[in-house]
Amino acid sequence: MATYILTDLASDLWVEHFAIDQQGLGLPPGVRCSITKQRLRGGRRDGVDLIRVDNGNLAFTVVPTRGMGIWKAQCGGDRLGWDSPVQDGPVHPAFVNLAAQGGLGWLDGFDELLARCGLAWNGAPFTEGAALYGLHGRIANLPASYVAIHVSQDPPHEIVVEGRVEESHLFGPGIQLITRITTYPGQRGLVVRDEFVNLKDQPIDFQILYHWNFGPPFLEPGARFLAPVKTVTPRDRRAAEGIDRYGEFDGPSPGTTEQVYFFELLPGLVDPARTLAMLCNRAGDRAVVLEFRLDQLPCFTLWKNTGGSRDGYVTGLEPGTNYPNPRSFEKARGRVPSLEVNGRRVVETRLTVVTGEAAVRAVEGEIGRTQSQALAVVHQYPTEPFTAAG
Amino acid sequence: MATYILTDLASDLWVEHFAIDQQGLGLPPGVRCSITKQRLRGGRRDGVDLIRVDNGNLAFTVVPTRGMGIWKAQCGGDRLGWDSPVQDGPVHPAFVNLAAQGGLGWLDGFDELLARCGLAWNGAPFTEGAALYGLHGRIANLPASYVAIHVSQDPPHEIVVEGRVEESHLFGPGIQLITRITTYPGQRGLVVRDEFVNLKDQPIDFQILYHWNFGPPFLEPGARFLAPVKTVTPRDRRAAEGIDRYGEFDGPSPGTTEQVYFFELLPGLVDPARTLAMLCNRAGDRAVVLEFRLDQLPCFTLWKNTGGSRDGYVTGLEPGTNYPNPRSFEKARGRVPSLEVNGRRVVETRLTVVTGEAAVRAVEGEIGRTQSQALAVVHQYPTEPFTAAG
Amino acid sequence: MATYILTDLASDLWVEHFAIDQQGLGLPPGVRCSITKQRLRGGRRDGVDLIRVDNGNLAFTVVPTRGMGIWKAQCGGDRLGWDSPVQDGPVHPAFVNLAAQGGLGWLDGFDELLARCGLAWNGAPFTEGAALYGLHGRIANLPASYVAIHVSQDPPHEIVVEGRVEESHLFGPGIQLITRITTYPGQRGLVVRDEFVNLKDQPIDFQILYHWNFGPPFLEPGARFLAPVKTVTPRDRRAAEGIDRYGEFDGPSPGTTEQVYFFELLPGLVDPARTLAMLCNRAGDRAVVLEFRLDQLPCFTLWKNTGGSRDGYVTGLEPGTNYPNPRSFEKARGRVPSLEVNGRRVVETRLTVVTGEAAVRAVEGEIGRTQSQALAVVHQYPTEPFTAAG
């Protein structure tokens, strides 16, 4: 395992530029991959560190300055991610005031393929006493204190981007995210493995939601969302309007407002803790699949935001420890896990890009077989009082 | 036209240092001009990009990091601008919390000759639901995503500083400012030509106010404000106290509070869309003149802030789409224009430094002739309920 | 006196790296000292300037980017400072939103040995009208506009870190801090001499509190706080619980909440304006001593925060112009001094590290003799209504 440390505050180490490829890594001739790191300059991205991994089939960018989120990815000719109205990202946290706009300031930097929401809270803004808890928490706007690249010299030549981010201060929660984003040369996917560590001497409530966001070409008129559904519930009246077509997507429709659905998913047939969700295009020959574990991420949220192309035409596939409601709401329903003293918790999500009708049909088949365990319960209306954004 | 791109996020281009003069530009020997760009370091200006243009007679600095505002200028021996209590500007937006002090945080960075106020709103802070809309909006604290210098090889050798700034995020307005600040070698003035582009698939309300600010030597005891006035209205009781002398200035008076006047100006005799306003010194031999179009900027505000020299002794000449009241107040009075889908709107303001008694008298004559169209209506008291800052 | 200017915005001077030692300074061979300056990179410290002074016996770091606070120090093998849950400091102010968490955002950057609290206000958050005044004011999150190092070629070779920080904007207070942090080769201490200058043409209320913070090895179970006490008053019920043991410390106790005590101290026997306070370890062979003047800093606050080691096990010795209550509370009790126009005020605090039983006993003896002037008045309960944090 070759390790390249790019940031380590403990030893005051920070590398401005880094670039290596299979040759520099000493990998066999047939293997293609490259990893680069640069600091961006100018505009609102000024000072943002960006890591780019190209495994030959899949290229993706990780943003240490924004909580180790995944900014964009490219697989074959297909873009993973979306066209955010945030034009000039990735946005440095110095330009994001999380408390702005009544707690919606997070949106000023929101343009990622994967934005983590948490760690002390996520979901819609809420207030407790005089304190405002902004949309989706702090982790996406905290820079990593440690960043390293690991590449294995042994087949299949694992490539890992490791990062550590601390959300911690006096009189508050202290949680460390240790993420390992892993891929392999030639693979059409990656795994995000996160470990959440209690840094304090007290138990800490924590929440994590993975805001995976996709626009065209996966999202398009006639695109479909598929998952083995135990229950699905519209968040509010607006979502209820579309409950009968929750799994189908319209084209960009300026003036449309978002629809959010809360799911319980069914466990897999082989591994009962594992489940999956898929977004596939109209033709059914191109899809993204998320795989995760129900014991780690029991709540799944689908965010359909099919406004105009320039307004943010996007859908969010969001596995989480909870639904994106205010923390107290989720806590009252037992959906806010606690990290014990010295406690740590691992959460893993796999993203796969599926290409070709046969491959898409295979995933659809697996979802169908999983669904055969039970009929989906479709609630026509919200089962809990309305709260807010998703 | 020689073009030097200094920032272009789309191609990840950013130039840290840039310096060129007439020789480097290949201009004829008699022509004097220079353009430099640097990144400032230290204090609250750390990370601010600054462009300096010297056309031989007029030198001015443009701040891409602060929404392409004009920081300071110098013409002959005369300073254009003012002594802001913000001592160590230009201030990087990372040090400005627009929500601070009940929405007055904007003042932490306010030290420019020209600060744009807008684009989604400007004027006094207001709240809508849980959201606080701070004083004078966001544009002055957003960095440019594109910056270029253009110089024409052909006489009269136009010099242009071009910049693009986006005020845009999900679930909010999306407006692009494309500014071209133009001058010519030897000219004692410049033109700010702004284009405002709707980036979204929905109509967007927008507001722009040009906060041009002058201290000594143009502002001094006995200095005068002149414009062809259709109506003038004091904003509040404090302004009403001084309505009979609204066009005259006192010297620095510690403890004095600001007086704000709202104007409708008369159209020019030749071009009925064009109007002008002048600040001239006591001797009447030195003035600054703003020219703009009533169909672009129908509202004019005069801000008299003649406090102590160290408190901010300054006057603001502020043409705008509206008066600097909360947006809903202005909207109810039809003073908030809308950008249609694919819409764009151009606004142009010319600043001229006038030197010598004869030249000043000529402008005064033009203002007088324009005024001869109608008697100025002077409202002794506010005609609309009091709102806030200007 | 050799002077090295490291930052001077007035002349656009900023030095990224600086390093000099006794040789470079031309000091005699027996003298040991070094001064370095660097810009930190990565994480939340990205862009922070750090100055390190080593006088041979005492090494300490000053943070121009954080209001010239003292980050950490080392004397012999002993660390001065504490383990803040802010893991990766010193934190750049761009990552601190003072308005966050109902005005407790200051805690996001709080990890210093010495953090100044002020200058327009300090203490617990409060609101006036729509404006929120966050915990402990702004000065600790404002970067210096001027930084210089002075070293005397003449014995005893005074070493000075000078810095100037402005807290100033339009329509608000304008106060300049001019600090000189002084030490000598071989000395086991330093002096912080601050000058506060009114930058405006109006009188300005100002507040300063020196938040000196110590963890192990000075703080430990059985460690003691000693000072010549005129009166001591618990801030609230929680502090009242421990009033009988206010001078004794427990070990790290997860779940414990802070206890804050307000003191009037007795004047020294020799110099009646001078007083002192000491924190010494259980064995009584290791202590830190603060000396200051009652005419400059009449109020003393002891902050006991003996939570878990990872929660912030720390005590604050806090001489100030006031107690850390909201400004209006302090003002009503005559504890908010005013800076007149053209006024300036000097405040000096000496920190000494005392090693060895005899030396600690000598300080204890001095405190005892000073105490002999009067019996300490120990209020069992708060004498004023409860307000907030310390």
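Think of it as A, B and C in the order they're written, each chain with its own count starting at 1.
Just so it is clear, a residue touches a chain if its C-beta (ideal position, glycine included) is under 8 Å from a C-beta of that chain, and two chains touch if they have at least 3 such contacts.
Being a predicted model, the structure only gives us computed values, none of them experimental.
Annotation of chain A and chain B: jointly contacted by C, touch as defined at the top. Both copies, chain B and chain C, contribute mostly unmatched positions to the interface they share, with under half of the numbers common to the two. Taking each chain's centre as the mean of its C-alpha atoms, chain B lies 42 Å from chain C. The multi-chain contact residues of chain A, meaning those touching 2 or more other chains, are 47, 94, 97, 99.
Within the complex formed with chain A, the residues of chain C that make contact are 40-47, 84-88, 94-95, 97, 99-104, 107-108, 110, 125, 252, 254-255, 307-312.
Contact residues of chain C toward chain B in the complex are 7-9, 12-14, 16, 47, 49, 92-94, 97-99, 129-132, 142-145, 147, 166, 168-172, 174, 176, 199-202, 341.
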